[in-house]
């Protein structure tokens, strides 16, 4: 098992690449989710403001 | 047939008129043309001061420095290409003129190159000399710079048109155009380096000439479209 | 045919049907990537030249491929938006840019990590793929900078569409010139020859998996983009009001 | 296409334009024949300029069609531009060039060869200023140069945005006179203004809020 992970000395490079890929993909997803939530929140606030002012 | 000839001569008259106008304007405001030239000279003189005066080293980096400086100077000069026309409303008149806008834009870019690009090309042997570039390379240097700065003027006019109404346009223009300008830089600087080393240069010159034709023929359409959008 | 496209491109319709696709793409993408990565990272045999370091390609190649793909999507949808004035396609272009930039960054970073054991340096100017990927990243930055610099959204859409189009025309030239430049340096190390199927198949699976994940992310971003652009429309107001009533 | 294309030169229907969040105009239409004028009225910021720019094709509308001589203007830009002259508060003149150089450029772009320049300059009170750079002229004189370009353009359709600003009473009278003359010659004028003007010609009005 540890041999597989070590990859003949290249383990650090390979696994850091894989880790980076996972991080970037998760980050993309998180950013997309956050943006969506922010858009929804902004529209909601705008909506309430116009309702309150009418 | 008669009609076609008529319209062709009209087109040429329009092109000549716009080039004439911009040359006249540059003549009345020489500072706009001189500033990029000074910038070019200064960047080229800064470099040896930063790296050290060894002639061998300077010859090795010289072509690259000349080209990078030319690229930056051209882009710097391009910022103002449409700015005054945009501010005083001339852009409206150009867009609404019966002449096709890509043609007028081509004329403006050509006039701009005549005012800023050509002097830069003419000055480059002087600066190249200080990098101890041998004199038999000057011809190739000027030829490639001519083709290169002309392509850059065309390419850069797209960026100038895209950023014309924006107050942060200055840095943006460079950011947009520099990656696109890479082929010119690569082929231009490499061809001059090859010439310095005494190798064959025709391939690089042909490619630069082809790229120049490519940008001259296509970029006015992109520039015209961008101008119409920016002027809305 | 046209009515189908127009119906698909109608924002409320798109907003309604997108989640189904997002879910399918995301799940299939994650599963495929897991399978491909397992096979590639653990099961596949060692490359006789590069030893285990070659396994980085299982993340590098898919992300490099998607960085190009994203620009293609951006340019094509920008063109469609420019010519046929379909609002949705501008939203697609706007959503594709940051994703493309992230995938370009990923391919750059993994390429650099791969280069470390291969060339002994983190950055090798002699490698044409790294260099042209870097330029690609700059192109994305330029696109996003232009878009954010223009206040009027309609103008931003159109201006950045022109830029995307100009970029798309120039990308092949940029790549070609970078390759020509590096061939004079002889620094190039290309992945050696043909791959045996037990290496290739996991790679293909990973490419497909990454693409599906990308598609899911893209659709999700387009969805929020559409929502924001249509914020004045009645359907959005009703939708937001309804969601707030629930929560 | 409108039914009576023979008499109508400039017509429009269903024009709609949003600027950001605000609707400037909606379902706007008009039809003008030879010798007719359209007066666009409204306060500053009401969309007068936008409407004019949209007619000229400088601004793209959200919806609506504009016809010039029975042809959709969007598809026949060249035909419209050849027949149209444009005057706005930004004059579109080069202040470093002389009066003659400015006028000559416009003539060259329009492919015109003219010899009655002097008569027009005389009428507009610009005689003797030909060799001066525009920078040296007063604001009113600069506006008159723009008017001279309009008169010399031989265009049938004039789009004028606030033609009365920066002019004294005599200048305003002059504008009125050249508009009336244009209309008598069978031209079409679209004028956006917040001034009250009385021009003796068939006039349609659009009020923007």
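A, B, C and D are the chain letters, set down in written order, and residue numbers restart from 1 in every chain.
Note that contacts are C-beta pairs under 8 Å (C-beta built on N, C-alpha and C of every residue); 3 or more make two chains touch, one makes a residue touch a chain.
Nothing here was measured: the structure is a model prediction, and the numbers come from that model.
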Chain pair with the higher count of C-beta pairs in contact (A-C, B-C): A-C
Identity of the chain that, by mean CA position, is farthest from chain B: A
Length of the line joining the C-alpha centres of chain C and chain D, rounded to whole Å: 48
Distance from chain C to chain B - Cα centre to Cα centre, in angstrom: 33
Centroid distance [mean C-alpha coordinates] between chain C and chain A, Å: 15
Cα-centroid distance, chain A relative to chain B, in whole angstrom: 42
In chain B, residues with contacts to at least two other chains: 232
Overlap residues in chain D, where contacts from two or more other chains coincide: none
Contacting residues of chain C [partner chain B, same complex]: 135, 138-139, 141-142, 145-146, 149-150, 152, 155, 158-159, 162-163, 165-167, 169-170, 173-174, 176-178, 180-181, 184
For the chain B and chain D complex, residues of the former touching the latter: 10, 13-14, 16-18, 20-21, 24-25, 28-29, 87-100, 104, 228, 231-232
In the complex with chain C, residue positions of chain B that touch it: 158, 162-163, 166, 168-169, 172, 175-176, 178-180, 182-183, 186-187, 190, 211, 218-219, 222, 225-226, 229-230, 232
Residues of chain C touching chain A in the complex: 37, 41-42, 46, 51-53, 55-56, 58-60, 63, 98-99, 102-103, 105-106, 109-110, 113-114, 116-117, 213, 217, 220-221, 223-224, 227-228, 231, 236-237, 240-241, 243-244
Residue ranges of chain D touching chain B (in the complex, touch as defined): 53, 56-60, 78, 81-82, 84, 86, 88-97, 101, 105-106, 108-111, 133
